[in-house]
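Naming follows writing order (A, B, C and D), and every chain is counted from residue 1.
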């Protein structure tokens, strides 16, 4: 724990250094790099140790506030999230240094770095907190810091709007957390997790309310459909490295909350598992369908976060059902898959957001349909983005495949288990559908951004991003590949997390599933090798005879022009046609133009109208106050009369 | 003895300032103000260190409730006075004599209220606070401030008159014993009080002092007054004056609880609390003036105070803690708003945008203040509101908790919309960054620091005092 | 003595109604002055035997409520030099009916109140009636100055009720209360004066600039 | 890994190109033409391999990598499938996920290769290809779930091996439904009629063909061979479901397998000659229909 504390301190220190020395960026940012890196290393080491099976004693601070002592601890569950926080956090922080470099002078860049450091530190504290108060404080710290980062470019109205929605939602989530702990603790004065976990068995009603509140509160943070509406707004508005951190890690705190709730609550009732599974299915499918409909690269990626949260929820749901119906193997695999996919998604989603950031940085536009052929200009960015795309689609031999494989196993075992839980098997089909749609979407993105020809002539020839911006990409991509190549190294720790959440002794993690990680590794390595070998052979043979070059065959058109290139919208059209009902796509048809845009059914369809209605109602109610003094006095008189009536009533029946 | 001095220092200086020819003219005797405020705070501190014997035959005495309010007032006053040092340089008041005199008079009256153990004396002090603030509200001497002053005077005078009636009811509740209205006696013989009279007394005192607190529906004067008074005065009112009024309510609640009529009082308190929350939420949506917004936020927090009182249990502790937090936070945001007004001449959304560019420090403090006032962790108000919420849920009042949550959420939306609206965005064309003098930001920063500390660390003595106060109010410590 | 007190109390009620009924500021002020005088007499009439307390209270009341404040208000009118008519939001007849209603209500309530043995049975109903009438004046009159008068009447009503509690509310406090009333009305008067200067009328219904 | 398994794989690799030939021959005969010889595909491949590659200037390494990656994924996928009645060379719990993942990877590579040309024709083909695949994948998983239910094993070797034979008496009806829907999948995944028509000559109506329009020479050879291999793999799935070869060891099992493959190829030919091609918009419905069959198969066993 001391190492974690040291790490957090160093990270905050790094931020302070960057802010204090904003005048002299050279010094300040070097110091930032060093301190931040050191902090992450200090935090990662114990996390890895715990995942490898070591145990760390909790730290209890003497209570300085009501509601019991402040406790901090590091168990496998915390560790896997801490790992995601620090690794992705470091990548985003370093990328941010280069990304914001050109903003120096007309934006508070130093403050931005400080806020990012605070955000990472708060995230780290969230996952190690073991009492309600420190958790709530870190939670809000994370929310406020991320809000301020979202509105970094607050001179743009769209950004302010997104920030407003975000800050409101996150505050509502905090209020719900208050409620959660208040209901959970009842009259107890000690709100440390130990005390909460040792609760006397809840009545079905109270337990149900607790689980429901937890689901909403953490679902809001995680961006689960139908609480996703703030996510694409905020993640599209923020600077790239912030979006990466938010999409990669911040929303995962919702997942952490759900898993921690299961740990503390004990076996949840079946309905909860089913609800989580259903929400996961909806988030997964709708998320990716909405993503297909986007033209803005960052919104698109943000919607894919919704999709992946859905996949993670499928894992959690399967796990919960496994616990509820007494199938330990299903439970462990489900939770393990969820935890592992959380880490993986953190890696490749931040990779994709940072890559998108480089593209926007280089071309100055986020409109997919304006871009194309960037692979030739920015090879490194394109290659890493390709890796990230393959990973998020869940293709072997990359990390996305490994975690989805574990989730699939949990669901399929559910199918073969017998009993009510068999229905869970159908979720595997949903997962397959999600996978297919995701593949379609990322083929579209990669193809349209990096391959082919630009759809519109770009103002300037885009140049490859600075090395300082490429290095984080390479690092993240490498992580995706490594995890994908050696399931044997990552699955057992994941199973340790799973068995912790499932409430089983860690020894029980030595399941048959564990054995499967070995041959799976053989498979992934074999695949990787044969791909390399085949490519080498192909290159060797091809080098013999020089190919001739020509223009793309246009079926008669001599020279294909940019206008002839297939746009992303057209690419997605057939699939969206199938999902017409839910895609939220609106078409604007004019005499000589045809365009589509996507609206969010929840936000634009439901919430904003409701809010406008509330405003009108309020302004109508305000009329009461108009009119001068006598109106005021009459109100006082009314209060007197009312209390006199109450007095009489009380007098009658004392 | 110390208690007498505590009240006498500001009173005497106030009379001197108002009377002596030396203080005529516009100049504000800042040094004098600072000295008095510091001395006052020092004396209050000494009360924490060592309890003081009652004075005037028990009319003045210290108890947890009073000490809390007294400390809050004293701290807030000192901070405000320090702020004044910077403020008068930019816009000096018409008459420094009236300005300083009224401030000192207010401090004196507030001290009397906090220490009074004779309920009639409590009333006298309360009326004195009302009147001493009126000239401050009227400082600008224009139509709007005139209207504000008039409404404030009449409405709160009527309210305070009702409180006086309530006090007399309390006296009649004693029957013809003819004992003076000393708090200890009342508490000791609470059960012998005539219940009907006691109930009536409670209701009238609640409505009367509630008018001064600004509980809905008696809150109507509040937005007008806070909106027109100079920000530092509004801060003093929202922070200290309302706390004194709450003390009045708390006193009579003490008696009622001691008389075993808690079950009669609680529904009323809860009703006023929820009504205030609802009204605040309604009027905060789409509000366009930061100071009026803060006025309604003050209505909200007064509602929370009586709500906690009504819920009992840990709610009473929550109320006491919230009393401090709210007082300090209100002072903080109002003083910062004062800087905004100094810079742009108004506190409206129309007149301000992009403040982070023109007033970086103040705007940052304003945004932080938004989060503090709306009860976000780790600021102290989070702890107290969380405690009150727990009291509601633990007491099985699910719908109260639900209503509280909904209104808090709505209020946050309204406040965030306005505050962030003025803080963020491009600065108005031609607006240049203003140098913010340390005097103008030191106070708010200090208050912010305290509020922040109260969220993560409640000193032992304070915890004890709050717990004892809560017990006296029929509740318990957490 | 009791009879005298009774008469005085009835006169108080009459003065209330008079203020409600009059259409002229000056008579309105005269009414309030008269009422102050009556209130000044009461402590002497009620008190079992003449005590320093009673006398002091009487003196203070007369000075403040019968002499200083009316004079001050009259001064304010003169300075303001406004038209002498009162334009009520509610007509005179109507408001007098309201007043009568108030009196009836007051007596009804008072009869329900479980009062301790009282030297003066009329004291409580009259005080309540005065209180309510004061509130009526406050809410139904336009002129700020008349609203001040209304506040004074309300205060007088409470003062009357206070007379039932002379034992438990010591002399000092009584004086404090008086002082507060005095200062309060004084400040109100000043504000009224300024209102007149700003709006060249005492019409408080013009004070409706401040809205959300 | 068992050597025998690899040998079986080798044989499959050799035989694969014959399958499209058989299908084509069947179709010609049924439509009253003589048609090309069964071994024509081998000749085509030889011709293409000798040609020199021609690349568009807009293309990058992605364009070249596509065919290679596709072929490799199919070979590795074949490693997961039991051929000779024994366990496949590579088997592990949940390797069916890997099987689907490999198909997806190959598609991913090939579609990107198509988009690399920047031509709207390839874009159009790619879009259609992924649309169809999106619906094919869930159907495949439904079939797998049905098999998992029947056999209780999460690996292809298991669920296409011994336990399957044991399951037939118990869940025959369900398994035959699975077989049928697998056959529909085979048609869709390999862009045969009624989903796509390999023989069409109008680019606008093509799906798979137009996506690889710009590939020529050795690259096209790789793609064609990959296609044949894919057909063979799906054929193996269908055959294994209908004719579990658990009892037979080695050669006998292989013989059975290839006989079955022949029948499947003929079946494809028959379908092509008796059915017309579906409108593109109706293709998803066809696949959903297949999915419905598989779902029904699953429910049959749950109930």
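Here is the rule we use: a contact is a pair of C-beta atoms (placed from the backbone, for glycine too) under 8 Å apart; a residue touches a chain by one contact, two chains touch by 3 or more.
Computed from a prediction, not measured in an experiment: that's the story for all the values here.
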{"item": "Closest chain to global C-alpha mean, per-chain Cα centroids", "value": "A"}
{"item": "Distance-maximising chain from chain A - centres being C-alpha averages", "value": "C"}
{"item": "Selected interface, A-D versus B-C, where C-beta contact pairs are more numerous", "value": "A-D"}
{"item": "Distance between the centres, which are taken as Cα means, of chain C and chain B, whole angstrom", "value": "31"}
{"item": "Cα-centroid distance, chain B relative to chain D, in whole angstrom", "value": "78"}
{"item": "Geometric centre distance via CA averages, chain D-chain A, whole Å", "value": "36"}
{"item": "Chain C and chain D: spacing of chain centres that average the CA atoms, whole Å", "value": "101"}
{"item": "Per-residue overlap in chain C, given as positions that touch at least 2 other chains", "value": "135, 138, 147, 204, 207-208, 212"}
{"item": "Interface hub residues of chain D, defined as touching at least two other chains", "value": "none"}
{"item": "Numbers and ranges of chain A residues touching at least 2 other chains", "value": "622, 625, 628-629, 633"}
{"item": "Touch list for chain C against partner chain B, complex", "value": "113-117, 131, 135, 138, 144, 147, 151, 154-155, 158, 161-162, 164-165, 167-170, 173, 176-177, 180, 183-184, 187-188, 191, 194-195, 198-199, 204, 207-210, 212"}
{"item": "Residue ranges of chain D in contact with chain A within the complex", "value": "52-60, 62, 64-65, 68-69, 71-73, 75-76, 79-80, 90-95, 97-98, 100-102, 104-105, 107-108, 111-112, 115-124, 126-128, 130-131, 133-138, 140-142, 144-145, 148-149, 152, 154, 203, 213-214, 218, 280-281, 284, 291, 298, 302"}
{"item": "In the complex, chain C residues that touch chain A", "value": "89, 135, 138-140, 147, 204-205, 207-208, 211-212"}
{"item": "Of chain A, residues touching chain D in the complex", "value": "372-373, 375-376, 390, 393-396, 401, 404-406, 408-409, 412-413, 415-416, 422, 425-426, 428-433, 435-437, 439-440, 443, 446-448, 451-453, 512-513, 515-516, 518-520, 522-523, 526-527, 530-531, 534-535, 538, 541-542, 545, 547-555, 560, 564-566, 570-575, 577-578"}
{"item": "Interfacial residue positions of chain A with respect to chain B in the complex", "value": "64-67, 133, 136-137, 139-141, 144, 151, 154-155, 157, 160, 163-164, 167-168, 171-172, 174-176, 178-179, 182-183, 185-187, 189, 611, 614-615, 618-619, 621-622, 625, 628-629, 631-633, 635-636, 638-640, 643-644, 646-647, 650-651, 654"}
